[in-house]
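Take a look at the structures below.
One chain, chain A, links the two complexes that follow: it is found with chain B in the first and with chain C in the second.
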Partner chain A sequence: MRPIYRNLAGLIAFLGVWEAAVRLGLINDQYVPPASVVLTRTVELLGQEDFLRDVIASMLAWAIAMLAAIGIAVPAGLLLGSLPGLRTATTAIVEFLRPIPSVALIPLAILVIGGGPESKIALAIYASVWPILYNTIYAFTEIDPLLIDTARSCGAKRGRVLASVALPHAAPFVFTGIRMSAAVALILVVSTEFIAGASTGIGRFILDATSGGGRMDLVLAGTIVAGLLGYLVNDGLERLGGRLFRWHAATTTEAV
Partner chain B sequence: MRPVTGFLQRWSLFFGAVVLWELAARLAEDPFFPPPTTILQTAGQLWFSGPAGHLLLTGSVFNDILPSLGRVFGGWLIAVLVGVGLGTFLGRSKTGMDYVGPLFAFMRAVPPPTLVPVFLVLFSIGTPMKLATIVFGSVWPILLNTVDGVRSVSTTQRETAESFRTPKAYWVTMVVLPAALPKIFAGLRLSLSLALILMVVSEMVGATDGIGYQLIFAQQRFDFPAMWAWIVLLGVLGYGLNALLLAVERRMLDWQPTRGAARAQTTGA
Partner chain C sequence: MATMLEVNGLNHRYGSGESEHVAVRDLTFTVETGQLACIVGPSGCGKSTLLRCISGLIRPSDGEVRLHGDEVDGVPEDLAVVFQDYSRSLFPWLSVRQNVEFPLRWKKLSRAERRERAVEALEWVGLPGVGNKYPWQLSGGMQQRVSIARALARRPALLLMDEPFASVDAQTRFELEDLLRTVQVKHGSTILLVTHDIDESVYLGDRVLVLSKSPASIVADLPVELPAERDQIATRASSAFVSMRSEVAKLLHGSGTAGPVTAEGAPAAEDAPEAEQARADLTEADAAEQANTAGEPASKPH
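And now, the complex of A and B:
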């Protein structure tokens, strides 16, 4: 059997078990509607203009947050990666800021920034800066000194070493960081919309479906769309990374 | 002298930033941004002004912080058991991941907070709902990393074990799992920070106690110093849990020849 058929078989088996569990009454269909209902609802939603507008609002917030996070984290990572003194001095700050769960900042963001799209973008930037920053710094500290020395002994100046040796070496690691951040940022955008009650977005749609009489079919349909978007983004970036950095092993060996 | 200068190098900028924050907050007098000293005072009143019999800890420590920590550890431990167990099984099977791989990749991409309403009606308000949210959100990094790690057992190791006719149980526990350990630990740290996040989220949406509930409650009654105190507590918890797990990892992976390869990235989502 080819892997693609096994993929399909796995999916169909999962949906079948779900459908059967609900139809047999193991799970209350008020709480979790059967798979067939949820999938039909998902397809219906994708044809609705209002819902598509929500999807676009979420994806737009995600795209802005990603661009901003890359714009902040890559230069900062290059700076901290190439200046060990500065890196030691800022480690304590970074190590303290990084583990603060960004959801803990949701109440603060609502108060200071407001309930508009700026809040979710700001929180998504905060969450997605760290993986990129970390991977960029990591790439620079792990560079093989032999490569630098070789370039130097061939007469390369500092700028040339940076451009021809250090940056190509760091690029796959940075890209892995960006891929991880992309997933985090999307989850954060949708979560903020859901928890803080933004005016538009997939999270807002799910929130409305929850509070408006507990329409679990709509909640699950919205969740499936959010999951599909995340899957497609990750898959697309993985393929892009594989194509861009075919010469490098970091894209295939890096975990998660 | 060396440790002292090292300490100064590491922490001087941090303390400088805190002092700067203190001065800026005092000058600006913005109600949203209280100075750090006020936050510390509030934290002291919130948690350390209890009776001497309780080691000066207040009721909030016992009613909010400890239950929250219990949920984080409980949910995370379930995720570890499920993730490592299922991951070992799937990693050893030749075709297992073909069947469930795309499904798991999709589920990992689902934002866990949006499933809170579903868990809320399935388990009603209470600890099982929070555990379900934490387990669902944090199991994927462990599971997928375990699969990866189990598959990274080298051919030499496998052939050596085979030629010694190593019993199966011994093979899995003494060869496969240790070889997979660096990858598993990378997943463990990622999922512990996710568990902390999901604890906060599930308590924000449906709870009557816990850190997340107190945080959103402080915001709703415009008690900004208290809100900041809870945020700082979450930062300290995140830092502490990560440091704890790192220490365990260092001890357990001492024998690994290439420690650099196992360094994983954690996110602060």
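And now, the complex of A and C:
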């Protein structure tokens, strides 16, 4: 329990500094309203149906994108991971595409796909494929040859080694990739809503608050909600991973 | 006694041309049914390669391996292997019982039969009631017992063991050595055990095969003339044990022919340091061998 209090202490200190800096006039309250005001707005927003609709729209796009990304990246990673020849052949293209910031592709997506929800979903899928793909491939290169020898000496043929050793071994790595992708996908969804001017979503809400008279309190409140969602998703996945892959935490020393 | 394992003119080379490395050269020997044979050999002599050829994990460059008359081509159904590094050889995502059941997954057995066999095998190795734990929750010695149980659950005609007790502490090693002999006598198992430890080979074996430096070939094939019932203290102190140990040590040092056993006349105390030295040399060198051949970390000191 103690680390939780310590984490909270950090948060409360941050909010205190924010509040004080604004109240003392160090920061213009036109641009950054005090923490107390922003937090009050946040709580108010969470009670508003329109805003909740925006949240649901963003989260739905996020969930669809995550499912699609998992559906694409896990099989692709398994294929590339288990066939070194194919992996080598695709390294150049993967290494070229991977470092491109996905946000930079938003204008292209809007032109090609349009401003509807398809755009944000497609971009979120694209961005979240990479961490999952990478972690899945990595899991295969990390596998201990002695485990494979053990399985083979137990009578497992190639396909069975893949199913009974490589897959369970890869699962925690894949899960780590999914956890990383979850944050990336959320960023892409909200950014695309904001830049493309989507009809609904948290990004759209922030866009409206910015253009409609510069309601910075609402902009920041929307931002806090987006951050809160990201935090909850990550925390939930972390707990789930810890429960599912207890053996992995117990047998690896390096932090994942 | 019927012959369980026949190794005929076995050769194994890694690489080709300039970089060719001969790991095993022209090895021929047999292991009789119900025998516990120990292979002891010096650094990088290709013991692990030999075991991998026999187990069908790799195909030898030349020669043949026959298990109860059938040529080995791929891993045989009724063969099991216990590796040195239990922590890397047990599946961490499976419980102890599931690990022991692993080799039975593809056999035509019902779920209940598989479970029954696993529970039984765990009892044989003195680990009843830990089936629901995970390997990483157990001590090193217990983990190696699980590996042995897994091998026994397969009901192998031949059990191969690659330095099985090299990674546990001395006390645990004694316990596991005695356990292995007990299990072997009780089930009449045929076991081929590879070790770098002269004392262990003599204490455990019905027979000791001494290998030369790389490429491995057989220098001597010695029957162990010790009573079937062995005792860690009494057996190791007996003159038969001490003289045999020094004989094996001399063979391993490559000081030439087996010759008449000089230890017969010499007091045991004089031979002991030599044997100890040989053991220390081998331990060091063997770690280097493993680091070389398998790219794995050197074995833990013991």
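Rule of thumb we're sticking to: the second predicted complex is superposed on the first by the 246 of 256 C-alpha atoms of A that agree within 3 Å, B and C clash if a C-alpha of one lies under 4 Å from a C-alpha of the other, contacts with A are read in each partner's own complex, and residues count from 1 in each chain.
The definition used in the following text is that a residue touches a chain if its C-beta (ideal position, glycine included) is under 8 Å from a C-beta of that chain, and two chains touch if they have at least 3 such contacts.
Because the structure is predicted, anything quoted here is derived from the model rather than measured.
Of the two partner chains placed by the overlay, neither chain B nor chain C lies in contact with A:73.
Of the two partner chains placed around the shared chain by superposition, chain B is the only one that A:135 touches, whereas chain C remains out of contact.
In the superposed pair of complexes, A:247 makes contact with chain C only, with no contact to chain B.
Look at A:234: by the touch rule set out above, it reaches chain B but stays clear of chain C.
In the overlay built on the shared chain, the residue A:55 is in contact with neither chain B nor chain C.
Taking chain A as the reference, the larger set of touched residues comes from B, when chain B and chain C are compared.
Of the two partner chains placed by superposition, A:121 touches none, neither chain B nor chain C.
In the superposition on chain A, contact is made by A:168 with chain C only, not with chain B. Of the two partner chains placed around the shared chain by superposition, chain C is the only one that A:147 touches, whereas chain B remains out of contact. In the superposed pair of complexes, A:156 makes contact with chain C only, with no contact to chain B.
Taken in their complex, chain B has these residues touching chain A: 9-14, 17, 32, 95, 98-103, 105-115, 117-118, 121-122, 141, 144-145, 148, 183, 186-187, 190, 193, 196-197, 200-201, 204-205, 215-216, 218-219, 224, 227-228, 230-231, 234-235, 237-239, 241-242, 260-261, 263-269. Taken together, the chain A residues at the contact with chain C in this complex read 144-147, 149-156, 160, 164-165, 168-169, 171, 245-248, 250-251. Of all residues in chain A, only 1, 3, 6-7, 9-11, 13-14, 27, 30-32, 85, 88-93, 95-108, 110-112, 126-128, 130-131, 134-135, 138, 142, 177, 180-181, 183-184, 186-188, 190-191, 194-195, 202-203, 206, 210, 214, 216, 219-220, 222-224, 226-231, 233-235, 253, 255-256 touch chain B in the complex they form.
Across the complex, chain C meets chain A through its residues 52, 55, 57, 75, 77, 79-81, 83, 85, 88-94, 102-103, 105-107, 134, 136-137, 150, 154, 294, 296.
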